[in-house]
Amino acid sequence: AAEFKMGLLVTGSVAENGWNRLAYDALMTVKKKLGAKVSYVELQQDPASFESAFRDYASQGYQVILGNGFEFQDAAVTVAKDYPDSYFLISSSSIHQGKVIGINLDSSQPFYLMGVIAAKMGKSAGLIGGMQIPPISQAFGGFRNGALTTKPGFGIGRVYIGSFENEVAAKEAAISMIKQGVDFIVPDADAASLGVYLAVHEAGPQIKTFSVYTDYSKVAGKNILGTYIADYGAGIVRVVTGIKNGTSIPHSNVTFGLGDPDVIRFTYNDNAATPVPQDVRKYVDEVKSKIIAGQIKTMAG
Amino acid sequence: MNTEIFLKMENIHKRFGSVVASAGATLEVAENEIHALLGENGAGKSVLMNILCGVLAPNEGSIVFKGAPLKLGSPREAIQHRIGMVHQHFMLVHNLTVAENYMLGQGSPLRLIRDRSELCDRIRALSDRYGLDVQPDALLEDLSVGQQQRVEILKVLFQGIDVLILDEPTAVLTHQETDRLLLLLRDLVADGKTVIFISHKLDEVMRVSDRVSIMRDGRVVRTVKTAETSPRELARLMVGRDVLMELPREPVECGQVVLSVTGLSCNNELERPAVRDVSFEVRQKEIVGIAGVSGNGQSELALALAGLLPAKSGSIKLNNKEVTGMCSTAVRRLPLAHIPEDRHKMGIVLSLSLAENVILHRYTDPPFATRGLLRFGAIAAHTRELMRQFQVKASHEDVAIRNLSGGNQQKLVVARELARNPDLLLINQLTRGIDIGAIEFVMQEVLRQKVAGRAILLISTELEELLAVCDRIFVMFGGRLVGELPPDRGRLEELGLLMAGNTAEAARLAAATG
Amino acid sequence: MEHFNLLVFLAVTLAAAWQTATPIIYAAVGEIFTERAGVLNIGIEGTMLIGAFVGFATTDLTGSLALGFTAAIAAGMLTGLLFACFTVTIKANQVVVGVALNLLGLGLTSFLFRTYFVHTGSGVPNMPAVHIPILSGLPFFGVALFQQNIIVYLSLAVAFLARFVLFSTSFGLTLRATGDHPEAVAITGRSVVLYRYGAIMIGSSLAALGGAFLTLADVNQFVEGMTDGRGFIALAVVVFSRWSPVGAFFVSLIFGLFYALQLELQAQPSLGIPYQALQAMPYILTILALVFVHNKQDAPRTLGVPYNKA
Amino acid sequence: MDDIDIRPPAPAKLYLYDISTSIRIRSLQRLRAIGFPIAAVLVALCAGAALLAINGFNALDVFTVMIGGVFRNIHSITEMLLIATPLILIGVGLCVAFRCSMWNIGAEGQYYAGAVAATFFGVHLNGLPAPLHIVLILAAGSIAGAAWAAIAGLLKIYFNASEIVTTIMLNYIATIATSYLVTGPMMEAGVTYPQSTELPHALRLPILLPHTRLHIGILIAIALAVIVQAFLFRSSAGYALRVVGINPHAARYAGISVRRSVVLAISISGALAGLAGAIQIAGVDFRLYQNISPGYGFTGIAVALLAYNRPIGAIFSGILFAVLSAGSVLMQMNSQVPQVLVFVIEGMVILSVVAFGALGMRAGRSAV
């Protein structure tokens, strides 16, 4: 049989912690687990170049190409017509059109849990986003819903720094929120998130946060109450294995949520200065099972 | 006077590329005298003095100073030998104070300049001693030109020099300031210093100097004792080159008035009055000259007439139509051609081709442009025609004009402007920097234009040029027209005196001869 | 309670402003040296990136912040040397060389970062804040102004030191004269070329230091293109401050203030201003600054003009 | 006066510039026009190769992959031409600004302005016949780009604000404004992606080669390069711009309005950058995103400089940079060399262009 090959397109650099890193790690997991030949390319923020990059991989016989971001979907749909043998996976896209399949991490679910915890334990919360794009506004929506369901009127501030790279701005935003009395701060800003953890760490253990997507406990171990780890690799491996073996081809777009514990995990950090108390944990567990059961719509409203 | 030679520059040669600025000049200066240096523009006075103060190195020649040969590598070394110079263009930094200007380049770079009070005191003391009225804390840019001049002089004195060289120090001064300066020079000599003084103004030279050397074409042609000469003789020595081309001149009747200027005043770029209440007329078939030493407002007058400098008051009429206050874009449409003073700055665009330079004013006019597009055929044909008529030596009309010699550049400018068929031809420095063959040629061409019916205003610092072609000559001094003369070679001295601002002496002379 | 909030708000904003302004202060003070000597270096954006990267890489390798800063400054000097070669010796157009330098800075740092740091993803140790005794204990403003890291404090010192060097030493005097009337400097026997080289290298090394501040003292990571226009804002700061280092310090602070303010304002959801409008504020302010300070008088007279020896 | 030395008039100088020198000058000019850019690119590529080698890559392999990949088939060539299109347009526009000594660093922002206007008129205007509508879109893009650039021109002539700083600030403002528009007023209805509604199919630029994306934009770019070349060197207005750029004193003397020329020059360059943005929307992207340019506006500067500010030369330098840019993606796919290397090569190209220019000026003092 022909060698199994998977390609990855990202905009920006995989060197920085965050969104592209997640996809890069997933690619490496596929390489390790499935023995695939893999390649990736860091494109510039230029929609015009997406189509030719897809085409370059597809024409070289890559069976699976992952475009890391909704902005890749248009180009994938166009190229898919010419290359019926390749699958095009698109991160955070609701698309399902032939072999173009959207893959989503439903971050609003873990963020909903964080919102619940924040509302139970804190005075007010601040959210710091990179840019106003769907995965981020959905996650923030989940947080808001979780917090407000638990404690109506709970104060939540939101800042977009306008970049996924500007750690300095993220840090400034966090500091200014802290000084204004916010005691829970959660970032979703890719590489720039680091700035938030630095600010939280410098501010002291009374400020609380959650580690999002990757483990930041090395930076702010005392402040992080819980960690939301997204093992995108596990999810991708699952989908790609299905495609490779022809066993399970997704027939709609794929969304990973709390119901996929191999992909999305939310764990507590017991080394925090003020760990989440047991009664809260119990309540959160209940909420979690309701989310998995579909009784709570984290994104509603 | 000492028998030992105090200062002697011998057989000095200095070349800049193909330009010979100094061609074996020999100058002897005695101790404790005021030695004046006279000569036309470009005679090589500044270059010779720059060599003496270490700014330029000569290609050949030697200097003997106080009995020993002097080799200078830099102005600093000259200062160490107690020779200092006040340059024609001030070497002062405008955003520093006087004291800071004096400190410039002195001592180690690491030195602090915090404690200035001692320095300021010394400056004040020296200033008081010569009555210079220099305030050490004043910012240079707040000072008038006259004040800056004194600052420059004091700066050199402050460095403790024995030989003071002044390059046209009075060119920018008012009468009163000039008087003060001349008194100062005498004071300095009384203090045991030696002064070399470059000037174009004869009366100053007569009043202040002990001896005078006259330079021409890079050589010193004569040194005389001031007491044994007269302004008339000096004027003759300066301008009396008898290599004149007698251009054939048929007498022609003047036509109607083309240009009429009344009460025109305007400021220069630094917003200082430059042209004061100037009135004159130029008629068809007439060449009116304006003579004067540069810096007396001629440049500003030309710019104002060409619409490139706003008039402060007065009026300019062209063909009886008021043109004062027109912007330069509108002036382009007037029947006026202008040969500017500085061809590199204004008259040509060095990196464009000859052909492109020829259409500088007429780039939108037929036949050179139709419907907004340039017609290269017509332009090239026209350029070639001009090149042929004016014997412009260039291989092709498409080469960049930068590749031409200055004379050929000027010929092209003249050709271009004449070809515009203007009613009024405004010329500022017709022959500057061009060789004799070219001079003769363009002058003849200007005469032909006159016969053809144009009104011509010729501004020049070269008397020869004016005498050769003009019908009437005005002399400009200090922004005013101070006299009008016929182009009579017999009245050369009078002309020289007027140019030097010596109106009284000139009037006496006029009365005597007239 | 109201008062309390307002004071906290002020103090916090001020602290953030200073922190944000710091790299701009270094770059602007450096550029003042360069421009005072008659050279316009628009390549400081690229130079800052080089400083940020070299500082980061060195500290990542050696673990030493001091070495990181030293290497960044050295890299800045080398960059300045390159710029000076082209603009002073070859006498090339300063704007064009500056554009090239910005491209090189962005390209080189991104290239090397992707080549060598793609698999590490780790940060470097961060510079600790220094709490100034007594003062840091002051209510409100103690936290704001006296609990910053050393590089932030140094920015004030550098501004005053620059003023001292420029206006109180013979070196500074000659440097300023070089930008105004190079011939006047040349006749005193000092080398205009040498002074311009020196001024450019001082400017570039300060810009690089400002860049290194971003990676070593603000956040502990290098991010491609992380200077994000700070170098260009510094250029405007120089004009606005009328080429005065201490002025540049305060003008930068105003920029920092606006920057901090836009983040503060975003966090107030009730305002309903699109966050992009707030983000654009510093850039609009820069343009306004140039409009309001439009007199050419203060600019060094030979700014941008190559010096030709007679 | 017998003691005045009277010398005969010096003979008229013999001029050096005869026919043979003319040939020499012209061949020197030709050498400079073609030889210098080629040499500059070679120097820059060598520097890139050195950088690769130092960092452990096989430079020869990398360049083979890069160049070979771009020209491996008709498809890859058309993809390269798609990148060349905006580069040529922007480069051609910058030739005009630079010829007039306006340092427009803001083509990036003007490109965004053009793209926004094009999208707006493409999406929100209905009922026009398609060809007319397309023309309108492109015109809107050009006008928006010109207007965005004119801001800097006007600030320059009225407030003496450095166009270098203002154009850069306008870049930031344009990208931030675009980000606002696609997340707010211009966001596609019904979905949550920060992108605008898609342009109707009828409004897409006609395709040149079936089964490729190559649209008529490249022809527009080439045609405009020729037109702008003619404008600069064959029209009265272009002549006036060049005179202003070389010698503003002479321009004033010639009765050319320096202020008007300055604004005109930067507006033309803005119009072309805006047109590039509009063509990109109508030809490739079909909708607006937050980020639509990989720095075309900055690469365009290198395109213009490498062409020594000659619009027709910009066709070739635009293609060269497109090859580098397209090749750099292949280079990363196949050799895992970070594609940002292109920026390094661009910077090196500019520096060597400058160095060769200076050397040329010294070798023979004729026009560049």
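Order of writing sets the labels: A, B, C and D. Residues in every chain begin at 1.
Here is the rule we use: a contact is a pair of C-beta atoms (placed from the backbone, for glycine too) under 8 Å apart; a residue touches a chain by one contact, two chains touch by 3 or more.
This structure is a prediction, so every number in the text was calculated from the model and none was measured.
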Centre-to-centre on C-alpha atoms, which chain is most distant from chain B? A
CA centroid of chain C to CA centroid of chain D, Å: 29
Starting from the mean Cα coordinates of chain B and chain D, work out the distance between those two points in Å. 45
The distance between the C-alpha centres of chain B and chain C, rounded to whole Å, is 47
Distance in whole angstrom between the CA centres of chain A and chain B is 77
Return the residues of chain A touching two or more other chains; collapse runs of consecutive numbers into ranges. 42, 132, 162
Out of chain C, which residues touch more than one other chain, so two or more? 110, 114, 224, 276, 279
Among the residues of chain D, which are close enough to touch at least two other chains? 176, 179, 183, 338
Every chain pair in contact, whichever chains are involved: A-C, A-D, B-C, B-D, C-D
Touching chain C in the complex, chain B uses residues 55-56, 74-76, 87, 89, 91-96, 100-101, 103-114
Under the stated contact criterion, what part of chain D meets chain C in this complex? 51, 55, 103, 105, 155, 159-162, 164-166, 168-170, 172-173, 176-177, 179-180, 183-184, 298, 301-302, 305, 337-338, 340-348, 350-351, 354-355, 357-358
Would you mind writing out the residues of chain D in touch with chain B in their complex? 1, 3-13, 15, 17-19, 21-22, 25-26, 230, 234-237, 239-240, 242-243, 246-247, 249-250, 252-257, 365-368
Which positions of chain A touch chain D when the two form their complex? 7, 11, 39-49, 51-53, 55-57, 59, 70-71, 74, 82, 94, 131-134, 137-138, 162
Which stretch or stretches of chain C touch chain B in the complex? 168-171, 173-174, 176-177, 180-181, 183-185, 187-190, 301, 310
